[in-house]
Structures are given as C-alpha cells and as structure tokens.
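What follows is a single structure, and I will ask about it in a moment.
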Amino acid sequence: MERLIIGGREITSRLFLGTGKFSSYRLIPEIIARTGIQVVTVALRRVDPGKQEDDMLAYIPGDCILMPNTSGARNAEEAIRIARLARAMGCGDWVKIEVINDNRYLLPDNEETIRATAVLAREGFIVLPYMNPDLTAGRKLVDAGAAAVMPLGSPIGTNRGFKTRELVQIMIDEIKCPIIVDAGLGRPSEAAEAMEIGAAAVLVNTAIATAGDPLSMADAFSLAVRAGRQAHLAGPGEVSALARASSPLTGFLD
Amino acid sequence: MERLIIGGREITSRLFLGTGKFSSYRLIPEIIARTGIQVVTVALRRVDPGKQEDDMLAYIPGDCILMPNTSGARNAEEAIRIARLARAMGCGDWVKIEVINDNRYLLPDNEETIRATAVLAREGFIVLPYMNPDLTAGRKLVDAGAAAVMPLGSPIGTNRGFKTRELVQIMIDEIKCPIIVDAGLGRPSEAAEAMEIGAAAVLVNTAIATAGDPLSMADAFSLAVRAGRQAHLAGPGEVSALARASSPLTGFLD
Amino acid sequence: MERLIIGGREITSRLFLGTGKFSSYRLIPEIIARTGIQVVTVALRRVDPGKQEDDMLAYIPGDCILMPNTSGARNAEEAIRIARLARAMGCGDWVKIEVINDNRYLLPDNEETIRATAVLAREGFIVLPYMNPDLTAGRKLVDAGAAAVMPLGSPIGTNRGFKTRELVQIMIDEIKCPIIVDAGLGRPSEAAEAMEIGAAAVLVNTAIATAGDPLSMADAFSLAVRAGRQAHLAGPGEVSALARASSPLTGFLD
Amino acid sequence: MERLIIGGREITSRLFLGTGKFSSYRLIPEIIARTGIQVVTVALRRVDPGKQEDDMLAYIPGDCILMPNTSGARNAEEAIRIARLARAMGCGDWVKIEVINDNRYLLPDNEETIRATAVLAREGFIVLPYMNPDLTAGRKLVDAGAAAVMPLGSPIGTNRGFKTRELVQIMIDEIKCPIIVDAGLGRPSEAAEAMEIGAAAVLVNTAIATAGDPLSMADAFSLAVRAGRQAHLAGPGEVSALARASSPLTGFLD
Amino acid sequence: MVMRIIFNGREEELPEEIPLGDYLAAKGYRNELLVVQHNGQIYRPGEWQRLIIKPGDQLDVLHFVGGG
Amino acid sequence: MVMRIIFNGREEELPEEIPLGDYLAAKGYRNELLVVQHNGQIYRPGEWQRLIIKPGDQLDVLHFVGGG
Amino acid sequence: MVMRIIFNGREEELPEEIPLGDYLAAKGYRNELLVVQHNGQIYRPGEWQRLIIKPGDQLDVLHFVGGG
Amino acid sequence: MVMRIIFNGREEELPEEIPLGDYLAAKGYRNELLVVQHNGQIYRPGEWQRLIIKPGDQLDVLHFVGGG
C-alpha cells in the first residue's frame, strides 16, 4: 500500500468518519477501536444553559486526528471564524471547510470555499474543503493551499451513492493532491468503487450512523475501503465485450 | 455472520475461486493461504503424450472443497458424464454444472442444465449449476436438487461487472436456496454490491487471474465480499432524495 | 428505414401497444390514430352475467394487427388452448405467448414458452413469445418457429426501465430474428435506448396507460422509438474518454 | 407544449445545434431545414491569408438565432472581448459563454464564467453560459443575468452521455431559469432522458457531426428531444418494485 | 327432474333443454361481441339460437379485454 | 442599576460584575469540556474564575458535537 | 523607410500608407463575409477602402467558423 | 497382424496386448496424478500395470487443470 500523507501526517486508515446522527456517542469509540479509523470530523456549537449535552471530544481517542467542520457557515468569513475558534479550542490544525447556502440539498459554494481555503491555509491550517465536483475549482483549491480536496458523491445524508463518478474520476486523473469522496456514499460497494478509481480516501457518516447496526456497518466500510484501494494498486484486468473462457475451450473430450 | 451451509458443509469464505488463466499454478496456494478461500473450481481435460502439464490438484490444499466444472459439455449428457468422471477421479461430490453451446459469450443452456442437475442430484452430487439469471429456471434447479444456484453477473471472462442485478435481485428475494453470482464480476466493488443485495457468495476467476497482481487482487475481493456480506446483515440506512444534515442544521452561532 | 417484416406483414410502427390498465377504452383508438401504431395486444377473459364490460375489439381499428396474449396460462398447454380459442374467435394468426407461474414479478417460464411456441408455430400461428432474456432460450424459440422474440426489459408493469440491456444486447447481436423489448420500459428514453442498440421494436403498455396524459405519452413513445431506430441506422459516433473540441482549439486570437 | 422563451424570443425547437466538426458546412442548412432547429452556435476565428475557408454564416438561414460561443477564452476578459466582437460583427445579442483552462477535458471555469456573464448581461447580451453542473454556481449565473444555464452532460466531444444527471436534476428542480444540457450527449436516448427530467433544451454537436449519417442523426435527436419533452409534460407513471399485471390477473378460465 | 351443466366453470341446474340464445338472453348478456365455447367448440352469436343446451354441457362466455 | 451583556447571542442583565466561573455555575453548566468565547477571546475552564464579567461583554459558551 | 503594423498578431512591414481594401486584396482575401478589427474597431467590407493603414496599426481579419 | 485401439479419441495400432502401465510409460507420461478411463471405467496409477490392453479398447488419459 502506498502511503497517504496529509498535512505531514501519515494516514493509516483511508476511511474518515463523520460523527453526526449517531443514536449514542458511545458508538464512536467502539467504531474507532474496531476499524482503526484515524480521521474524525466534529462540529462546533453554542451550548445554552440546561441544554448541555456530552462533549463529543470526550469520546474520541487522543491519537485520532480531529477535523472540525465549519457547518453552519454561509460564506467564507463565517467559515474562517469557525475554523479559528475550533483551533483555539485545542482541536489542532485540521479543518473541513463547508460553506453551504442551500438548505434542501446542502450543496456547497465552491467560490466561497476557495476563498476560505486560501485564508486558512496561509494561517497554517491543514485545510480539507468539501466541494461540488469540478476540475477547475479543484485546481484552485489546490493553488489556495488545500491539503486534500473533497468532492461530494451525492448530497449529504442521502445514501444515494457515488453519482458524480464522471467528474470525480477526472479530478483524480488530473489533480496531484489527494481526492477524498465526501458525502452521499450509502453502501460499502460505493466506497470501494471510489477507491478503485483512485480516490485517496472516503468520508462516511450517514451510511454508518443510520445503519441497523452501525458498528458492523463501519467495519463493512472499512473492509470495502481497503478492498478498493488494494484493487486500485493491484491493477484490474481488462474489460472485454466478448467472453473469454476461464476453462480450456477445447471441448472436453474432443 | 450467519452461517452458509452448502451440501452439509459450512462455508467459511464466501469468495469462491476459479483457477483458470493464471500465469502460474503456484499462485493458487498462495492466494488460498492469504484469503482463506475454501471452494475452488477445477476443470477436467484429456492429456496427450508429451503435452502433460502439472495437475492442478497438486496445488490445492487438502482442506479445500474441490468443485470440478463440466466445461466443454454441450448438453446434459456430456455434463453428467464429466461429473461422474470427476467424482470417480476422487474429486468428491461437488460439481459446478456448466452447459454451453455459445462460443462467443459462453452463455449457458438453462434447460439442459436443469436436466443434468436433476440426474446428478439424485446420484448424490452436491450440484451448483451455472445459469442464465431467470427466476423460473432457478426454481426448477432448486426443485431438481441444486445445492445452490449460480446466475452469471456478465459473460464469462469479460470483467464487465454485475450487469444482471435486476434479475438476480429477484432470484435472491424469491428463492430460498443460496444464490451465488458466478462470472463476469471484474472489480471488488461489484462483488460487494452482489453481497449487499443478499447473494450468498460470489465465484471469481478472471478478475483475479488477469489482474496486475493476482495475489493482491484476490485479497481485495476477499475483503470486499466480507464487506458486502456484513453490510447486508448490518442493514443499510434509507436512501433519500433530499439532503439530511450530518451536522446540526442550526446556523453555527444563531 | 429498413423494413420490418413479421409473419409476412410489413410493420410500419415499431411501437407495439398493450391495452391493459387504461382508464377508458376510448383512449385506445385515439392513441392509434395519433401514433400510427399497428400491432396491438389484447387479452381473452370469461364474462360472468351482469359483469359484461365493453369488448376491446370494438375499439381497435380494422387495419391493426391484433395480438391476443395468453395471459393466465401457467404452462404450455394452457397457452396453446388460449391461443387456439383466440384464433377461433377471429383474432387472426398472431399470438403473444406468455406463460407465467410467478405472481410477484410475473416472470415467464422460458421452457414452457418454447414448448408452446413449437406447437403453435406448426399450427400456422405467428408466434411472438414473451421471455426472460436468455440467448440460448432465444435461439430455441427461433428454432421452434417464433416470428420474433420478446425479452423483458424489467418486470411487467413496473416502469423500471431497460434493466436487462446486457443480455438483450447479446440476443440482438447473435440472433437473426427480430428482438422486441417487451415489459418494464417506463420512459421514452428507455425505449429509444433499446432501439438504438438494435431492437426491432418495443411493446409498451403500463408506461402509457398510467401516465398523467396517456395520449401524449403514447406520442412521446412513438417519437422516441423512431428516434432510436433512426439513430441505430445513422451510426452513432465513437465514444471517447478525453474531450474533443467542437470549436477550433487554437486560442481565439493566438 | 409549454412555451420556452429565452431573451424574449419563443424557442420552437428545443434541440440547439453546434456546428463544429462537420465534414461539410453544406450539411448544416440541410439539417436545419429537416429538423426546424432554431438556435445555432458558431465560433469566431482569425483568418490568415491563403487559409480562408467558407464563412459559416453563409450556411445558416436568416431566421435562425445565432449563438456565437467564446471558445478560446481562458478568462472572463477574453470571453467578454470575443462576445463584443461577435456582436459588432452583426451576430445579434446571443452569446454562449465558454471559459476553459483545461485542455484534456475542456471543463469550464465557473467562477470566470459568472464574472463574464455579469458584465455581458449588463451590456444587453442574451447570455447562455456553459458550466460545470453546480447548483450554487447556477444560482449565481442567474443572479448575474444569465438567460439560461447550460451544465455539461459529460466532457465536450466525448459522446459519453448524460453522466451528470444527479447534479443537473437538482439544478432543474431548484432553479427557475431554463436549464439546457450542453456537451457530451452521444445518443438520442440520452437527450430524451435529459428532457424527461425537465431540461428546457439540449445542445448537441459532436454526436450529430460524427455520426455515420449526420442528417439522419440530427433528425433522430430532434425526435428524441420532442419525445422527452412530451413525456415530461405527460407525467410519467409511477415506478414500482413489484410487477403489476397489464392483463387481468385472474387465471384465464378460473 | 333437472339437468346440470357447467357454466363459466360453475355447476348450474336447468329445468329443461333450451336454445343457447334464449339462455344467454335470460342471463342478461347484451351484445354481439361475445363468443361462446360449448364443449370445446366456438360459437358466434349468429349460431347461438340453433344450439340446444343438453345435460352435462360445458359452456364458457368469452370476450376480449385490455391486456399487455 | 444593572449591567447588560450579550450571552449566547441574547441580551441579559446582571446586577453587578461577577467572575465568569460563578456566573456559569449559577446557570448550571456542569463540566469542564466547555470553552467560553469572551469578547472574541477563548477561555478554558481553568481561566474562568480569574475573568470578571463587565458591562457590554459578549460571551458564548461552546463545545463540540457530532458532525459529518 | 518602412512602417510597421501588427497583422493577425504578427508584425509586418509596409512601404507606405495604403487603403485597407487594397492591402487585403493584395493578400488574397476573397469575399465579403470577413470583418476586420482595426485598433479595436470593427470594419465591414464596404468600409475597407475608406480606411488608410497607418504605422502602428493593429489589424485582425475575422470570420465565423463551425463551433459547438 | 496388429490390434487397434482408440487412444484419446484417435485410432492407434499396437503389435500386441501389453499392460497399461508399460504402454503409458512408453508414451512418456510421467507422474501419478493422471487417471485413465478404460472402456468407461476409471483406473488410478496403482492399477495400471495389472490392466492388459486388448483389441478395441478405448483409453483416455485425464487430469485436472485450471478452470473457472
């Protein structure tokens, strides 16, 4: 397995975990222990008196890489503010930029995302922007200092699968920076497919959190990501139109 | 993991291996050692003087289940004859029935396959017929005594993938007997997809044998099959049309 | 346009119409007048006293080709009996054979269908069997005397589309007899796709009958079938992986 | 058919024609006469002495809407300059903005495209920008004054088909302005599919120009576009998982 | 004493032999697009009145409906 | 006479200047995984008691939750 | 002594000021569907002869071709 | 005078009856993983020497190869 280095750290698990929507935070450390997941996203929110829930950080092992997202941000400035706050709170340098103006499909604003990336990368953040798949925007993100680029597979939380393959494939082929498929992957087979065509990693949340058995589903995704990566490296055989016999084609006793 | 029992044996690996087209037989035991594959197909052929190659059986560990195929058979009678020969040669009771009249796509003859299955099942064989996906034919195979039914994913040796999903899905939903997707799967993601929708196992040959690194590709398929099975059992989450936020949808500081 | 001849008749419209499920029989003659549809299926049923509805035949113009189906038949004998009755009732020589044992997906029994085809073709019927896509079964149907072979696109009445393309494409390429995609096509684009890959015709019922505006939808299918056929004959251009400029690639003023 | 109005003109044919790559300009007026195509793209180029070819405008009937593209532009300024030149040359107010920095896939730069759209719309142009499918960018184009938004189906000139359906569908559902699928459509069925999901029109060039018989293929696309539009308006029936009988499900004589 | 026949798959009793035309009219069948299968033989409306129903006869009234 | 502050985006009134730690405890915040943003500056729990709330201060209590 | 102009992006030398129409005819341009951009201004064929080329002028001859 | 047999589907001539083991060794077959089908009956290597080839016999030498 070739190594994946992001922000100077070697990433040993190419499955990144989003932590929203779980029925209980207690599942998170179990999943991490079982799968070896290393990169974990969290969100930052204001706590009102009497509504204090558990802090997510208490459930994430110390050797994980925390990647706070900027959810809630509607433009570059808000994303920048959230990222700075998260870092000040001790979350480290990683940040997933997410700038969204669309409430139905939660599709990102690439232009604002590029602006936020440029500012935060200059401030020393390890920036992983969530984006609408787009080769040109991807290149601009890399120029702006993104450590990896994260196009969506389909809208957030839909489990619709890897519907943007055509555009993501081109990004993978043309951009040197790691491409990570984020959002929408609903089945391990779809994660494997993304890895087979050369994605560096995938970020999965809803498909695991909403599964009947999240722990087992996390394990399934973890296996599938390894399978897809390994297949990419092993070099898949050629696809042909006509059949090619797997057994000798001489008639049996001819 | 629910157990898979075929012919009274518990099958611990749901990846079955076809042994044709490998550059060297030496890869076979390595692959089996690495993946824990248990069911292995072989073919029977006449040896002419001076053209004697290694015997495949010498390369297959003793605890594997040998599944000779009837490749070369053009009708039920030929398939029956080959199956009997293979058993007489000490291969055990398992047989993959394969009756083919089509040289371009190697598509099977379901009707002859059903006839051969009935005869061989009565003789005590554990019969796994390769077939064109077809609910009615699948039911007849089960009635004829098939231990599992093996519809094709796409034509043999093409690596074209799981193109018959619609028909296979119906077979899985309607037939109690294990359904094994055999032929055409070219990528681990496709094997995972077949398992996710409830296939009991998959049989892969060309995709592994023609990969750049067959050993690594076998491992990738093995992982993907486990991933797909586990996802099937874990219960995938619902697919939705509209996005569902993974992070709290309240604006960040609102 | 190359001509399509079935049973000695030139077929001028490659869209065949099924007449079930319409909210009113009055739509049928309107659709036929608007689209020029020529081949029309009907079903034969027992009428109980007091439950007599209109006879469908009263709504079908005299120059149409009536194609009674054998729906309700569970084996070859029942199909043969229905076909003979329909002919005796003055429906002409055409018959769509349909032998079904499966109540959930209404998938056909190819083996019984082949048997019925052989008997009826010998009796002078123009036999168009509905079948599960299968190259070998298709060849047997042709040998049995089928005038055309009608593989399903997806289960009857589902509007699921052309899900069996892989197997149907092979039938089209390998079988000389006209291949007609019957059942499951839900959108004109899917009918066009079937025609583009070389289907001789398509048979559509549910997609038209259950549309918001059946007359307009029939017209849409009719246009799409012509589009697909014409594209097939016109010879589609090559598909490429990389872009090929449609405008001169010299920079504008370089 | 609901009317399509762009820039104050009623558009009677929803198939727009690109004129590049034809073996002879003489095909263009023939295609227009046969199909009734109304909107036609052209490109502007410098002519060197001795290399003067025919002027495309001589081949386009006077009642067509000319839509010069800005091919060759690598940023907003170049696109604006080309648009102004084209208008000064008497081409009218329509312009297809195309800003491309990528030579392998010819994928557009949405950000520059938005900038050029804003400037040209203010100058009274009817602006139809070619763009990478993206809901947020689409909204910005509309805010900038675009008369219609033209996301790509797949890379220019590839004939790869409608690979961006997921993102384009969302644009259609969420943006009030006409959405026109431009680039990559290779088959009439794909154009029909785009129209079925609600595209206002499609722009096709390579699929027609590189067909074996371009005239006939243009006709096929024209029919398919009408079919798809009509199906969209007619209201497709529901898609179901299980079969629904088209013939009465009572056994024939039960 | 009555006679029994099989009509549309169900047993019925008739007091006496009667012409098929009268029998069907009495049951309320109305138009001429029906066909009757009588002991495996097809009879069109014009032939109904000449046919007398006998004990043990099997009768089916058939017509065409919409079907795909 | 009272002092006004902005707490979690809403205006509040306080009778007098008090240490942040006391103020938050009175509101019932319980553990140490919270962080307070005070006039744009981040303060961790250990620092709360040293900080005195003044008129016009802006305070936000923040923590991390699950997010994707 | 010669004058220099930029023609279609390349430098050229001319012995003297001449009308645009004569200049283009000499280069072999043949029909009337061309347009000339002269120092950023568009000139149609009917206007060519009235325009005299001066030192330092920028000229581009343009026309429409097939494009998608 | 010779005897004829069918060996691997082709006719062969032998001068005399000989044990199967000697016959196969003479043809150069080398190891013990082969199986011989003799008139429809399977014989493993240990049994070859006891079997004498007679006129009209049908022999096939078989083994397992890779197959899918």
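Letters A, B, C, D, E, F, G and H name the chains as they come in the text, with residue numbers starting at 1 for each one.
Everything that follows uses one rule, which is that a contact is a pair of C-beta atoms (placed from the backbone, for glycine too) under 8 Å apart; a residue touches a chain by one contact, two chains touch by 3 or more.
Owing to the predicted nature of the structure, the values given are computational and were not obtained by experimental measurement.
A.B. asks: Using the contact definition stated above, find the chains touching both subunit C and subunit G.
C.D. replies: Looking at subunit G and subunit C together, the chains touching each of them are D.
A.B. asks: Go through the assembly and pull out the chains touching subunit B as well as subunit C.
C.D. replies: none
A.B. asks: Contact counts by the stated rule: is the higher one at B-F or C-E?
C.D. replies: C-E
A.B. asks: Same interface as C-G shows up in which of A-F, B-F or C-E, over half of contact pairs matched?
C.D. replies: B-F
A.B. asks: Of all chains present, which has the mean Cα position farthest from that of subunit A?
C.D. replies: Taking each chain's C-alpha mean as its centre, the farthest from subunit A is E.
A.B. asks: Roughly how far is subunit F from subunit G, going centre to centre by Cα mean, in whole Å?
C.D. replies: 74
A.B. asks: Can you check how far apart subunit B and subunit G are, centre to centre, with Cα atoms defining each centre and the answer in Å?
C.D. replies: Going by mean C-alpha positions, subunit B sits 73 Å from subunit G.
A.B. asks: Just how far, in Å, is the C-alpha centre of subunit B from the one of subunit A?
C.D. replies: One centre to the other, that is 32 Å.
A.B. asks: Roughly how far is subunit G from subunit H, going centre to centre by Cα mean, in whole Å?
C.D. replies: Going by mean C-alpha positions, subunit G sits 93 Å from subunit H.
A.B. asks: Show the residues in subunit C shared as contacts by 2 or more other chains, in ascending order.
C.D. replies: Touching at least two other chains: 18, 20-21, 43-46, 69, 71, 104-105, 107, 155-157, 160, 183, 205-206, 245-248, 253-254.
A.B. asks: Among the residues of subunit H, which ones contact at least 2 other chains?
C.D. replies: In subunit H, 9, 60, 65-68 touch at least two other chains.
A.B. asks: Where do chains touch, given as pairs?
C.D. replies: Going through each pair of chains, those in contact are A-B, A-D, A-F, A-H, B-C, B-F, B-H, C-D, C-E, C-G, D-E, D-G.
A.B. asks: Show which residues of subunit D lie in contact with subunit E when the two form their complex.
C.D. replies: Against subunit E, subunit D makes touches at 245-248, 253-254.
A.B. asks: Where on subunit G does subunit C make contact in their complex?
C.D. replies: 9, 60, 65-68
A.B. asks: Sort out for me which residues of subunit G touch subunit D in the complex.
C.D. replies: On the subunit G side, the touching residues are 8-9, 27-31, 33-35, 37, 42, 44, 60-68.
A.B. asks: What does subunit D use to touch subunit C in their complex?
C.D. replies: Spelled out, the residues of subunit D in touch with subunit C are 18, 20-21, 43-46, 69-74, 78, 82, 98, 103-107, 155-161, 183, 186-190, 192-193, 196, 205-207, 209-214, 216-217, 219-224, 226-228, 230-231, 233-254.
A.B. asks: Taking the touch rule as given, give the residues of subunit C at its contact with subunit E in the complex, in rising order.
C.D. replies: 18-22, 25, 28, 41-50, 52-53, 55-58, 68-69, 71, 85-86, 88-91, 156-157, 183, 203, 205-206
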